[in-house]
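Report on the following structure.
First chain written, first letter: the chains are A, B, C, D and E, and each begins at residue 1.
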Amino acid sequence: MSGADAIKPGETLLSVDNVSLAFGGVRAITEVSFDIRKSEIRAIIGPNGAGKTSMLNVINGFYHPNEGRISFAGATRARMKPYEAATQGIARTFQNVALFKGMTTLDNIMAGRTLKMNRGFFWQLLRQGPALAEEIEHRKFCEEIIDFLEIEAIRKTPVGKLPYGLQKRVELGRALAMEPTLLLLDEPMAGMNLEEKEDMSRFIIDVNQHYGTTIALIEHDMGVVMDLSDRIVVLEYGRKIADGTPAEVKADQKVIDAYLGVSH
Amino acid sequence: MMIRSIALAAAAGCALATALPVSASAQESIYVPLFTYRTGAFAGSGIPIANGMSDYLNMLNERDGGIGGVKLLIEECETGYDTKKGVECYEQVKGKKPVITSPYSTGITLQLIPKASVDKIPMLSMAYGLSASADGNVFPWIFNPPATYWDGASAFIKHVAEKEGGLDKLKGKKFGLVHLDAPYGKEPIPLLENLAKEFGFELKLYPVPAAEMQNQSALWLGVRRDRPDWIYLQGWGAMNPTAVKEAAKINYPMEKLVGVWWAGGDDDARGGGAEAKGYKSLNFHAAGANFPVIQDIQKHVIDKGKSQVDKAKVGENLYNRGVYNSMLIAEAIRNAQKITGKKVVTGEDVRRGMESLEITEARLKEIGMEGFAAPVKVSCSDHNGHHKVYVAVWDGSKWTKGSDWMEPMKDKVRPLLEAAAKDYAEKNAGWPKRTEACDKSS
Amino acid sequence: MSTTTGQPELDTFPKLYARNAAQRPERPAIRRKDRGIWQTWSWAQSWEIVRALAHAFAGLGVGRGDKVAIVGSNRPAMYWAIAAAQTLRAVPVPVYADAVADEMAYVLENADVKIAVVQDQEQVDKILSMADRLPLLTHVVYDEERGLEDYDRARLSPVAALIAQGREALAKDPEAGRRIDASVAAGRGDDASIILYTSGTTGRSKGVVMSAGGSVAAASDTVAFDHLNDRDEVLAYLPLAWVGDHYLNYAQAIVAGFCMACPESPDTAQQDLREIGPTFYFAPPRVFESLLTRVMIRMEDAGALKKKMFHHYIAVAKQWGEKILDGESVPLGARLSYRLGEWLVYGPLKNTLGFTRIRTAYTAGEAIGAELFSFYRSLGINLKQLYGQTEAFLYVTCQKDGEVRSDAVGPAAPNVSIRLTEDGEVQFRSPGRFVEYYKDADKTRETLTEDGFVKTGDAGFFDKDGQLRIIDRAKDVGKLKSGAMFAPKYIENKLKFFPNIKEAVAFGDARDFATVMLNIDLASVGAWAERNNVSYASYQELAGHPRVYEMIEEHVDEVNRSLAAEPMMAAAQIARFLILHKELDADDGELTRTQKVRRGFIAERYAPLVTALYDGSNNADIRTEVTFEDGRKGAIAANVRIVDMKRQASQEKAA
Amino acid sequence: MFYRETGQYKTSYAADMAVFPILQDRIGVGLMLLVAAVGIPLFATLFPATGNFFLQVIMIPFLIFALAAIGLNILTGYTGLISLGTGAFMGVGAFACYKLTTIFPGVNIIVWILASGFFSCAVGVVFGLPSLRIKGFYLAVATLAAQFFLQWCFVRVPWLFNYNASGAIEVPERTLFGVALTGANATAMTRYFVVLAIVVGLTWIASNLIHGRIGRSWMAVRDMDIAAQLMGIKLLPAKLLAFAVSSFYCGVAGAMMVFFWYATGAEPEVFSIRQSFFILSMIIIGGLGSLIGSYFGAALIYIMPILLGWLADVSGLPIGAATIEHLRVMLTGVLIIFFLIVEPHGLARLWQIGKQKLRIWPFPY
Amino acid sequence: MDILYKIFIDPFVQMGGAPDLLVQTLWEGLVGGVLYALIALGFVLIFKASGVFNFAQGIMMVFAALTLVGLYEKGVPAFLALLLTIGVMYALALGIERMVLRPLVNQPDIILFMATFGLTFVLVGLGELIFGGEPKQMITEQLWLPKGAIDIKMLGGLVSLQKIDIAAAVIASIMVAGLAVFFQSTRIGRALRAVADDHQAALSVGISLNQIWVIVWFTAGIVALATGIMWGARSDVSFALEIIALKALPVLILGGFTSIPGAIVGGLIIGIGEKLGEFYWGPLLGNGIESWLAYFIALAFLLFRPQGLFGEKIIERI
C-alpha cells in the first residue's frame, strides 16, 4: 500500500506492458500496453469481445497473462492471485453483479472491510472487547459509504431482493469499503435507465474527487464514457487501436471505423 | 431464538409424558419387553428370531395362562438393530418395570450393560454381546448363556481337530477367519490367536467392512490365494449368504467352512443354493419343527392367528433360536417365583432366578424340548455355563445335525474371559463390586 | 400565570438551554438517525455545541438583531444554529427548504439575512444563484460537505468546522466563553426570538416576529397543560420553518427538557417514527387520514379470518374505545373484549404505526372527520384537537384530556382570551402573541387590534360545551345568491372525509348554487380499481372513469344528505361536481406549502371549468400548464365531465 | 402480534449489531432458556418416570443433534460446502474424548469433551483440503472418503478403543464434585444440564462467529467465491476454517453423544454414514445458514419419528411394531419431501416468515 | 525398507508369481466395475436431464429387485413379474415426477438432492411394508440367467468366470449400447440430450420437460432393475444392498456427473482399482480397505483432473 501511496496524482499507478492472453488457441488479448495514472478516470472501451473484461481480469489477477508484464505501484509482476491484488489496493465490480446474495447490504459492504479487520480468532469467538470494537469501527466506515451512496433505506435488506440498479450501487459500495487505490469498474451502468446512469456517473465522479481514487472503467455508453473519463483506451479484437483523451479518441479514424461507426 | 424450539420440543414432550402409560398394570402381570428388529438391513435375521421369541411367550400365556398363573405382558419394541433406537426402547420400557431385557444387538447390549445394575433390570444377551459378561462376579446383572463366541471358536477348533484326527494335527495348518469388521465380528480373534500359538496353526484374518457385506469378491480371492485349510465365519446379516456364495464360487470345500451360530440362518445357507450343501454352522439348539414345544406353539398361537410368522418358516433355525431365548427367560422367571415364593416377580427376583437357573434333561422334556437343546446351568460366578454346542450341516434345503453335542474348551476360554472381565472393570473406573448375594442353584 | 413569571431570568431560550445543560446534563436533548443509529447528544453536549457555534457565528459578524436564515430539513445542526443565533440575540429565520429559489430569495431578502445556515449543496446552489439579490448576505454555512469540495470557500464554511473552531476558541480563551454567557444573560423577554414566515393562502409570505418572553411563556403553558416532562420524546419531522415544528419540538423541548429526534431523511420518517415511538405527537389531519387509508388498504389484502378479526375488534373499539379512554364506566365484558382487542389488534396496529408510546397527540390545521378522529382515539391514542395560528405562536384553543370531540377545537388555551366579533370572527390575546409582521407595519395594524387582540380571520362560534367551532375563513364565508350561508371549507371538509376524495374545492359565493371540483385519492381509488378490475393507465384516466364517477357521486350525495341535516348549511348543498384530471399541486401554486387549497388561484386557473360548472354543460375542455419535478414545464389537456346532483330537502323539521 | 418494536431505537452500533436487537426476541430467548434450564428439569423432577424418558430420549439427544447440525450448518449452510462426513467427524470427537479421558483420568471429562473437538477439528482440516479444487456434489462425495476411512479406523485401530474386547467405547464413570457425569450412575438430569450448558454456550459462540468478520467471509465464499477472493478473502483458509469449526462442533457433539447421551458406551457403527445423512437432513429441513434452523431440523428429524411411533402406540391400532416402523420410515420420507415443497429454505424460513408476520401484525405485508 | 518393499515390490512379485490370480482379480474388478458403472449410469441419466443428484438411485435398485422377487414369491410367474416390475418402475417415475419434481421445479440442487433423500425413506418404508424385510433370493434360474462357472485353465492356474458375471457384463453392455442408440437415434433420446444441454432449447423444440423427466426416471428405474437383478444374484436381495450403491459415487467423481462414458470407464477403473488394491495391498493394512479405497482413488484422480475423466477444462468466466 505504501508504494501506491507514494505515487502522486498524475504519475503512473499501473502500467500494462505488452500483455497477451490466450485461452487454448483463442487469443483474447494481444500485445496490449497502456498505463493508468494516479487519480484519473481511465476508460477501456471497445466492441463486444474486444477483450475488455479479460483485461480487467488480468489486472486483478484472475487471469495470468501469457506474455508481458504488469506494474502496479512500482512493483512489476507476472503472476498474482486475486487476493494479492486486493491487498495491494485493487478493487473491482463486475459486469454481472457479483454480490453476496444471501447477505444484507450492510454485510456486503462490511465484507469489503475484511482485509482491514484483523482481530484474532479468539475475540471473534466472543464478539466482545476488541472484536466488537473493531466491528464498530468498520461499521462506522461502512456507514459513511452507505451515506455517500445514499442507500440508507436498504441498509438491512438482503441484496438479493434489491432492484438491479441498487445492486450495482451496493457493489460499488463494497468495492469502496476496501479503500482501493485502483478501482476497476466493469460496465457499471449496464442495464440502467437514464436516471440511474446519471446517479451512477455522479457517484463515480464523487468517488474520484472525494476519495481521490483512481478508476478504470469499462462502459458501453459512449456519452457517459466521454463525459466521465480523463483518458480512454480503445481495444478491438484484443489489440489496442487507440489511446488518448476523449477528444483525441473521438477524432481517431480507426476508432470511428471500428467502433463508433458501428451502431451501439 | 433457538431456545424457542426447545420449548416446542418441551411442549411436545409434555404431551408425550402425560400420555405415556407408566407402569400400567405391572401388578397383575409380569412385564417382558422384547427388543426386536423386523426392519433395517438386518431384518432378515431379526424377523425369525422376533417371531420365535414372541410366539413362545404367547404360547405360555395361551396354554398355561402365563407363568405360575401370572400372565406375561409381552411387548415388542422395534430397534431396527440401531443402537439409537435401542436406547430409546430401553428408556421406554424402563418405566414399566420389566423383569428382564434382551436387546438382541451387541451394540445395544454394550450400552445397557452398565445400566442393568443401576436400574436393577437383568439382561439376557443369549450367546451374543460381551463375552466377558459371563463372569458373574463382575457382571452380576448380565447373562449370556449358553455359550460365548469364544466357546464357539474353541468348538470350531475342536471340530476341526476331530476331523483332522486330533489337536496335535493342527500344527502347521492354516485357518481363516472371515468376519464382519465390527466389534461383533472381531470377538473371536483373541481366543483364536491364543489357540494358534498353543496348537501351532496359522490364523489368517479376512475382515468384511459393514459397507462391503455384499461385495466380498476381493476377499475370497485372497482366500483362494492363501488356501486356508478351514474357515470360520463370524458373519451377520447379508454378509453370510454372500460369503457362502463367494465360497462356492471359488470352489472352496463347503465342509471346511464353519459358521458361528449367527451365521446359521436358513436364508444364509439357502442363498448358496446347491453349492452350499455341506456348509456347517455351530448351534446350541435344534432346528426343525418336530418338537412338542413347537407343536404347542403351532397349536396355541399360530393356528389361532396370533403370530406374524410365515407358517413355512416355523422351525427354521433362527425361529427356534427365538424360542430358545424365550425359554430361558421363562425358566428364569419360573425359577424366580420358586425361590422367592412370589407370583409377581421383579427384575431383582428374576436376576436371582437367572443366576440359579438349571435346566436339566428332565426339565427339557417337561417343557417339550427334549433333544432340542442341551441342559443349561448358570451359577453366580458363571453366567454363561459354556454349554455344549454341535455342528449343524446344511443339506441343501435344511439344517441337519452334523455332530454330537460337544463341550467347548472351557479351560481355554475361562481364564481369557475372566481376564477380559477384570480388564473391563478396571477400564471402567468405579465399576461396582458385586454386592448381590448368591443363591444356591435350584 | 406562566410558570416562568417567578423566575424572570428564564425568559429566553438560551437561558433555558443553559438551565437544561445544568439541571439535566446527561439527559438526551437531541437525536438524529444518522449512519444507521440514533446519534444522541445530551443537553450538556448540545449546549456546548450551541455555544461553540455561537462563538463562530459571532466571528462571522453575527450580532444582536442580525438575521440568520436556516434552510434545511430537521437536523440537529439546524436546531443548534437556531439556538446559537438566539444565544447571540440574533434572530433566526427558518425558511422552507423545498421553496423554489424565487420564493426563498424573497424571504431572505425581506428578512435582511446576514448569514444563512443551510443543509447541503442543493441549498447552497440555490442561495448562490440569488446572491446578487442578497447584498446583506455575507456567509453561507452548510451541514453536508458532499459535492461542495470544489466550491470557493471564501464565503462558505461547513458547520462542523465552525463548531470545532468555536470549541477550540472557547477552550483557549475563557473570555470568549464569558462573552457568550454575557450575551445569554443580556437576553430579554422582549428580544425578537424568531421570525417565522407564514405561507399565506394568498400573496407573499409575511415574517411573523415572535418575542422571546412570549414564546417561552406560551410554551411553558402548554407544557404544563399536557404534563410534558423531560422523559418525553418527540420526532421532529414537520417543516422546520413552520410554527408547529418550532413550537412543538424546539420550544416545548427546551422548556420541558425533553428529547427531540430528527429522522434520517424525509423518506424514512415513517420508519423513524416507528423506531423512536414518540410520546408526544402532532400531525395534521391529512396525515392521520392517509395513515388510516393505508391501514385499510393493507388490511384488504389480509386473509379472510384476519380481516374478520380486525373488523370485529375495530367495531369493539368503536363502541367502547373512546369511553374507556375517557374513563367512563364500561361493562366488564366490553372491557375484556377491548383488552383482547388491544392484544390482537390495537396494540400491534399502534406498534406498526409507531404510536405505541404516545401520551398526547394533537391534530390541527383543518377539520378532522369524526370517524377518522374517533378511530384513533378508540385505539387508545389520546388524540386531541387544537386551534392555532402562527400569529399566536400556535396555541389558541386546545382540548383537555377527557373532553375531546371531533367537531370542535376546545376551549381557550391557558392564559388565552378569546372573543368573537359580531360577524363571527374569532379574535384572541395570548402570551405567545406575535410582536409584528417584519417590516410590514400596515399588515400588523390590520391584524392586531388596539387592545392587543389578534384577528384570526376565521369565523367560528362557541358551542354549548364552551368549545370553539371553526366554520371557515371569515372572508371565505360567502353567501349564495339566495342569501343563504355558503361556507366552502365546511363543505370541502365533509367531502374530504371520504378516503377516496383527496381534495375538494367548493364554489358558490354569489352564485345560484354550490359546486365542487374534486381530486380523487390515487392510493385509495387505485386499490379500489384493482379490486374491481377497473384498468387504467394514468391518474387522468382513472379520474375520468365512469365507475369512479359513480362512486364519487354516491359520496357527494351523502354529503348533501348531511348538509341538509344542518339548518345553516342546507341551502348550500352541492348541485354539480366534477373530478379534476390532475392532482392539485403546491409546485403549480394550487396548494400552499402546507397543502391548503388556494381557492382563488384555482378558480382562475380552471376558469373554463368553473364556467362550465355554472353554465349547465355536461363537460368542458381544459388545458393547464404544469411544472414537473425537475422544473420543466408542460401542459395537460383534458375533457372533464360534470355531474348534476339531486339536492335533498332541508331536514330541519325532521331532525 | 407480540412485537412492540416502537420505541426500541438503537443509539449505539453495539446495540444495533446485537444478535437479538428486538426486546421481545430477547425475552423469548430468555424464556426458552428458562424453560430449558428450570422448567424442563422441574417437570422431570415432578414426574420422574416420564421426565427421565423425556430427558434421556428427547431432550439430551435433541440438543446434541442440534449441536452437530450447527456444526454441519457452519460448513454447508454458511460456507456452502456440502459434507457427508459428519458422522465420522463426530466419531473422531468421541474416540478422542475416550482416549483423553482414559489416558488422563484426572482431568474433568467436560474439559476433554471440549478438547476432543480439536481433534476432529484437525482431522476435518485434513479432509477439507480437497475443497479448494472441487466444489458442490463432487466435494460431498469426496467427504465420503473421510467418512469411510475414519469409520474403518474406528474399527481397525484397536488403540482407539483401548483394545477393549468389545471393540467399542466403554464409557468409564467420571464425576464432577462427586456427582457422576457419565456412566450408568449419571442421572439423565445431570447429563442434561451439562449438555444444555455446552450446547447453549457453543451456540452462542457460533452466533458470534457468524455475525462477525469470519461469518461474513464464509458467506462471501458461499455466495460468490470469485468476488470473495477479490475482497481479499483467501479461499483455502476460509474454507479450512469452516471445516475446522464445523468439525469441532461435530466432534464435541459426537463426544457428548457417547458420553452424555449413551453415557455407557458406543460401537463405531454409531458414526456411520447414516449418521451423516441424518444430520444433513436436519440442516436442510431446518434451514441452511440458520442456527435456529439447526434446532428445528434436529427437532423435526429426530423427535418427529419418535412422536409418530408414539402416536401409533397411543392410537391403539392393532398393527405390529414392524408395520409401525415401516410406516414411520415412510412418513418421515413423505414429511421431508412435504416440508421441502412447502418451504425449500427450511423451517427457519417458515419461522422467519412467521416472525415477520407477527412483527407486522395485523397487516399481511 | 521392509515396508517399502511390501508396498512397491511385493505386490508385483505376487502378480507375476500367480498370473492366474491376477487375471481373476482383474475379472472380479471388471464385473464389480460394470455393476458400479450401471448404478452410476442411473445417477448420470437423471443428473444430466434434470440436474437432480438422485440419492435414491441405490434404493431404487433394491426396490426394483425386491418388487421383482416379491411378486414372484407372491406367485406371479417370473417373466410376468419382470414385466410388472417394469410397470411399477414406470409408475414410480410418474409418481416422482408428479409429487416430487414438479412441485420442486427451479429449486436449488441441494433441495432436490434432499427430496431424493426423503424418497429413499419412502421407498424403504414402502418396500418393507409390502414385501417384508427378509432378504430374498434372486430368481436367477427362473429368469433364465445362467448359473455355474466356466473354468479356464491358463497361466499355470485356473481362472474361474461365473456365468452370471458374464451375463452381467453382457447385459450391461447391451444396456449401454441400447441407451446409446436410444440417445442417438430416437426422437425422445435427442430431446433428452437437448434438455441436458439447454432447457430452454428443449422447450422450444416442443417437448414437455415433465415428460422428459418421467422418461429419464423410468430409464434410470430400468437400469436400477437390471443392476438389482445382478447384485441380487451375487448376494441376495435386501436393503443392505443400498450401501453398495454408494460405491457409484466415487465412480461419479471420476467419470463426471454428466458423462455416460465417464460413468462406464470410471466404474471399471474403480472396480478394478479397488479389487487390485484390496487384494494386493489390502493385507498391509489388515484388509477391508475396500470401503474407502475407491474414494481415495477417485480423489487422487481429481487432484490431477478436477474436471473428471471426460469433463472439459473449465475456464472460469467472470
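Operating definition for what follows: a residue touches a chain if its C-beta (ideal position, glycine included) is under 8 Å from a C-beta of that chain, and two chains touch if they have at least 3 such contacts.
In this text the structure is predicted, and so the values were computed from the model without any measurement.
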| item | value |
| --- | --- |
| Shortest walk length in steps over touching chains, chain B through to chain C | 2 |
| Comparison of C-D and B-D by number of C-beta pairs in contact, larger one | B-D |
| Most distant chain from chain C by Cα centroid | B |
| Chain closest to the assembly centre - both centres taken as Cα means | D |
| Euclidean distance of C-alpha centroids - chain A vs chain C, Å | 47 |
| Centroid distance [mean C-alpha coordinates] between chain E and chain B, Å | 36 |
| Centre-of-Cα separation between chain E and chain C, whole angstrom | 77 |
| Centre-of-Cα separation between chain B and chain A, whole angstrom | 72 |
| Multi-chain contact sites of chain C, meaning residues that touch two or more partners | 36 |
| Contacts with two or more other chains, residues of chain D listed in rising order | 12-13, 148, 152, 156, 226, 273, 322, 326, 329 |
| Sites on chain B at which at least two other chains make contact | 38-39, 47, 181, 207, 209-211 |
| Residue numbers on chain B that touch chain E, as the complex places them | 38-44, 46-47, 181, 205-215, 217-219, 221-222, 224-225, 237-238, 241-242, 245, 249-251, 267, 270-271, 273 |
| Residue ranges of chain C touching chain A (in the complex, touch as defined) | 34-36, 146-147, 149-150, 264-265, 267-268, 271 |
| Residues of chain D touching chain A in the complex | 12-14, 17, 205, 208-209, 211-214, 216-217, 219-220, 222-224, 226-234, 289 |
| Residues of chain A defined as touching chain D within the complex | 60, 62, 81-83, 85-87, 91-92, 94, 98-103, 107, 110-115, 117, 119, 121, 124-127, 131-132, 134-136, 139-140, 174, 178 |
| Complex interface listing, chain D residues touching chain C | 1, 3-13, 15-16, 360-365 |
